[in-house]
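Presented sequentially are two complexes of subunit A, the first with subunit B as partner and the second with subunit C.
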Partner chain A sequence: MLSSPTVRTSLIFLAIALVGLLFADIAITASNPWRDLGNFFLGVITPNFFSSEGLMTALLRTVAFAFVGVALGSVCGFLLALVYKSLPVRIFSAFVRAIHELFWALIFLQFFGFHPLTGVLAIAIPYAGIFAKVYSEILEEADPEPGRVLPPGTGNITAFLYTRIPDCWVKMRTYTSYRLECGLRSSAILGFVGLPTLGFYLEASFSQGLYSDAGAMLILFYVLIATMPFWVRPKLLPVYVLGAPFFLGEGLPIVWGNVERFFTEDIVPAPLRNGEGLTGLMPWLNDLMINEAMPGIWNTIVLTQIALVATGILSLLAFPLISNHFGGPLRRNAGHVALVIARSTPEYILAYILLQLWGPSMLPAVVALALHNGGIIGHLIGRQTNSIKLRADAATGFNRYSWELVPRVYRSFLAFLFYRWEIIMRETAILGILGIYTLGFYVDSAIQNIRFDRAMVLILVTALLNIGVDTLGRYIRRKLALQTMPTC
Partner chain B sequence: MSGFDLSGLTASFSGKRVIGPLSLNVNPGDRIALVGKSGAGKSTLIRLIHERVDRASSLIPQDLGLVNALSVFHNVFMGQLDKHSTWYNTITLARPFAKDRSEVHSLLQSLGMTEKLWTPTASLSGGQRQRVAIARALYRNAPVLLADEPVSALDGPMANSVMTHLRDRFSTSIIALHDVELALSYCTRIVGIHDGQIALDRPSEKLAASDIMSLY
Partner chain C sequence: MALNLIRKLMVSSLFCFTAAAATAETFVFTAIPDEDETKLVERFRGVADYLSEQLNVDVRYIPVKSYAAAVSAFRNNQVQLAWFGGLSGVQARRLVPGSEAIAQGVEDEAFETYFIANTNTGIESADELSELKDQLQGKTFTFGSKGSTSGRLMPEFYVRDTFGENPEDFFSRVGFSGNHTRTLRLVEAGTYDVGALNFQVWEKELSDGNIDTDAVQVIWRTPAYPDYQWTIRGDVDDRFGEGFKQRVTEALLNLDDPELLESFPRSGFIPASNDDYEPIRKTAEEIGILD
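Presenting the complex of A and B:
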């Protein structure tokens, strides 16, 4: 078994994570974590839907930001996908999607302020980069044969509309609706930086210890996502997309002077701004790299690797919950609910909650990342096992799990895991805003100290790190010949 | 143009020559059947000829080239996309014009599948899909037909009826056929392919089924 490249790769990653644990700051620092956790769960089972009139508005704003952001992102992404062959377009798309929505929001907040445009662009820009990549992959997979039998002289647009779009339509629609679900999560967490969506009210309730209010908010959010198939209908989509811009709220007006100052002064590295020239720039950059970027990168990588392996272990433990190959409809229904909750809760919200309960360390982040991503992969693998036909006399129980199912799904499991590697790293970096010393922490501190020049360099470093991991992940998937689909 | 000289036709697959070099002279009015073992290079030859006479030919490739998500009507209509403007084609995609509908409808009537006009081709059977590709070629109405096993999935009577249609509509045709009987009854000239070369080229009235069997 050790000679199998997939097993060897898994063991190497496991070893890296174990070594990482030696360096990681894993602890529960809260004085009474279990009581707090108990209070929180008590809040979730005794939700209070009527305490604040802000709740419904927050829900509405969350949906509105998601629709406008995702719609804008998908249109721009589609246009980019048409010219995705060009290298500059690829690099541009990779770059904008390597920067997390919250980072984009933090950037736009500095010059657009609390204007709705901040939230819309924070979702639309990274999503455009993602859509560009996935749409172009889908378009590339279209059957080329119909294009070959077209009468010569057929116009390019006609050919595209008749031979490419119909073949890709279903996949593009499925992917876009999946992205809309992601958009709802993104929109919710934008509240944590002050936009009027769910995260804002969640943070407010938590800081006042109003767990029943927070519980109500989470439950409404799950209901919103779980009922998507019922209220997101093709016929209603134009209504939503055209109506959503009117529900983004007023926000605060844009002060154009701030916009100009941001680009001409704030983000110009301090030494250049003060006229010290290149001689001043090097020490400045050196200081930034050694004191902030390096520790940030180190912690981000350590946390990512631990969270990646934890995600993998959790996925493998979770998939039997929804697999048809093990007994009982009761277990399966409960399993479905558990996995829906795990994957619908944004990592950021999970980490925020756990951090409030357990105190600051890497542990809440690892658990949050593993729960969310493990829920997603567990769900996909579980569904995959349901299409496997076992022979009638196949082993049962744990033997069925370890001999029949895991070997069959292990390759796609690894494919999903390596696909999510980059996503986990992007989230790890952003969790720094909550006070874990990953790159996001240093970005957030720089912004708090009104040193946008440093923040921009650190965001750039984060983006490059993500692009690096994405490339490495793709290399490993290619090396191991792992296939994956983009919707995970 | 309905007759043409094809010379120096060659094709290689991963360094190995699978066709030619060979020459084929096609006269106006020729109905050529390409016969030979599977793997002899018939499909490749059809593809090569199509590259040479592109504009003037209606093509039925072996894998049909249907857009599975589109309806039968749209797949057939694709045969004349070059005859309309982009906006006309785009509107047709959403809502076809009555004139085109009735034209395609009557064409499909002759192939016995009108009830499927608005069904996506993905949900059709193999024989039905083949007839959609044939209808597209008929609708295209080019002077030359290039077809690769156009009736392989059709039963006897249907195969004969389709071959009759193709013979009536196209004065010049090159059809790869594995069915020797069909080749002899619907084509005027039999070209036998063996190892990527022409091993036989004679009018069909001078041939019997047994002469062709030597190629297999």
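Presenting the complex of A and C:
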């Protein structure tokens, strides 16, 4: 078994996570965490839907920002996908998607302020980078045959529209609608930094311990996502996309002078701004690297590795919940609901909830990342097992799980896990805003101290770290010959 | 003659129109999110109504999620007036030349931070912070917001000054609760052993009967320093008419609605100036929050 490269890779990652645990700050610091958790669940089962007059507006805005952001992102992403062969375009796309929506929002807040454009661009920009990559992969996989049989002299655009698009259309549509669900999650959490979406009210009621209000908001959000197949209809889409911009709210007007100031003054490193030149820049950069970037990188990596392995373990434990090979329909339906809730809750909100209940440490973050990502991967491989036909006399129970199913899905499980590696790291960094000492903590501190020059360098460091992990993940997947469709 | 009348009418209606356009401009203000949001929204909607009545312009309050967001909105001219803390006010006025501190609460001349501890720690209150060194060392500690004066700047200054160490080195765990109410709740619940908060929030919650005094108590009070103030942008007169700044200042100083004042809680507002906050600027520079 040890000779199998997939098993060896898994064990190496497990070992790294175990060593990481020695350095990680794992603790429950709340004196009565279970009572608080109990109160929270009590709140969820006694939801108060009439807490805030703004709740319905917030829900509407959440949907509107998601539609406008994802629509804009997919159009730009599609255009980028057409020229994805060019290296600068690849690098550009990798760079913009390596920066989390919340970081983009924090940047735009500094010069657009509370204008709807802040929220729209915060979603559209990273999504364009992701769409560019995925669309280009889909276009590349298109069957080249129809193009070859065209008569000579057919224009490029005509050929593209008539041979490639029809072949890719279904895949692109599926992926885009799937991305819309991600967009709803992104849109909701933008409220945590002050945009008028669901997270705004969720944060307010949660931090005041109004669990019934918070419970109502979470339930509304789940309903919104679970009912997507009913209200997101192809025929209605143009209506939504054209109508959504009118529901973003007015916000406050943009003052264009702020934009110029941000780029020509705010983000220029302080020593250069003060005319100290390069001699002043080195100590400044040194101080930033040693005191903030390094500890941030270290904590981000430690937390990512632990969360990655926890995600893996949880997905392997969770997939039988929805697999046809175990239990009856009742249990499976319950399993479905559990996994839908786990994957519909944005990690950021889960981590926020658990941090409030258990006190600050890496533990809430690990649990939140594992629950959300484990829910997604568990769902995907659970569905995959349903297409496996077992012999009538196949083993049952635990033997069926460990000898029949896990070996069959293990490769695609690893593929999904390594695909999500970069996503987990991006989230890990952002969770720092909640008070865990990852890179996001230092970015947030710099912004709180109105030092955007420092914040930009740290965001750049975060982006490079993500690109690095993305590359490494792709290398491992290629080495192990693992293939997967993207997930968000 | 008729033509003349029409012309007069047109001119006067034009005046009416421009006057309407001028008053249609909304005067927007914000406040640092230092307490529970529900309380803030209630309080500042009251202030908005009051100012709107006094100034004859539309006044709107915008809630924000962080101290920095309040400073940025002020700097970006999306709000023209703000209720800042000592530190956020200093930051904002540095970034917006011409802006002025115009009024502070009566209590803000001599503001204090309370260090509070969960009673399970057994820490007794003391007159000097240095007496608590052994008892505080290695405990868990929470500030309020990263940008708070009473919740972060002053407590951090006194911890460094008294114990000669960074808070992260002196305590076993240092957190930022987000606001003063949360600091109180977290120390009361025992999530953190010790915390530092705005003394007015403590006193108000205490008199409202919202504190379990068997679970949490004050262990040390800082010396007095200047804190919260109303700061206004220098260009409001250009935008809202000559003397607007003066009118806002007078409206704030004359605010005597007991319910509104109680919600701050302040006993009244008194004049303030930028120079009043020099000590805050120096302290912030000393601990490296300001460049």
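One rule holds for everything that comes next: the second predicted complex is superposed on the first by the 486 of 488 C-alpha atoms of A that agree within 3 Å, B and C clash if a C-alpha of one lies under 4 Å from a C-alpha of the other, contacts with A are read in each partner's own complex, and residues count from 1 in each chain.
Just so we're on the same page, a residue touches a chain if its C-beta (ideal position, glycine included) is under 8 Å from a C-beta of that chain, and two chains touch if they have at least 3 such contacts.
This is a predicted model, so every value here is computed, not measured.
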For the three-chain model obtained by superposing on subunit A, do subunit B and subunit C clash or fit? fit
Determine, under the contact definition given at the top, whether A:Pro152 touches first (subunit B), second (subunit C), both, or neither. first
Mind working out whether A:Leu161 is in touch with subunit B, subunit C, both or neither, as first, second, both or neither? first
Superposed angle subunit B/subunit A/subunit C, CA centres, nearest 10 degrees, is 150
I'd like to know which partner A:Tyr240 touches here: subunit B for first, subunit C for second, both or neither. neither
Quick one: classify A:Val255 as touching subunit B (first), subunit C (second), both or neither. second
In the superposed model, which partner reaches more residues of subunit A, subunit B or subunit C? C
Let me test your reading of the model: by the given contact rule, A:Phe192 touches which partner, first (subunit B), second (subunit C), both or neither? second
Shortest CA-CA distance between subunit B and subunit C [superposed frame, angstrom]: 47
Once the two structures are fitted together, what part of subunit A is touched by subunit B and by subunit C alike? none
Subunit A partner, complex, touching residues on subunit C are 28, 36-38, 62, 64-69, 71-73, 75-79, 91, 95, 118, 120, 140, 145-147, 173, 175-176, 178-179, 181-182, 185-186, 189-192, 289-291
Help me check something: in the complex, which residues belonging to subunit A touch subunit C? 29-32, 36, 109-111, 113-114, 192-194, 200, 203-204, 207-209, 252-253, 255, 258, 270, 359-360, 435, 444-445, 447-451
Going by the contact rule set out above, which residues of subunit A touch subunit B in the complex? 143, 145-146, 148-155, 157-159, 161-163, 166-167, 169-170
Parts of subunit B lying in touch with subunit A, wherever the complex brings them together: 54-55, 59, 61, 63-70, 74, 78-86, 89-90, 93, 136, 140, 142
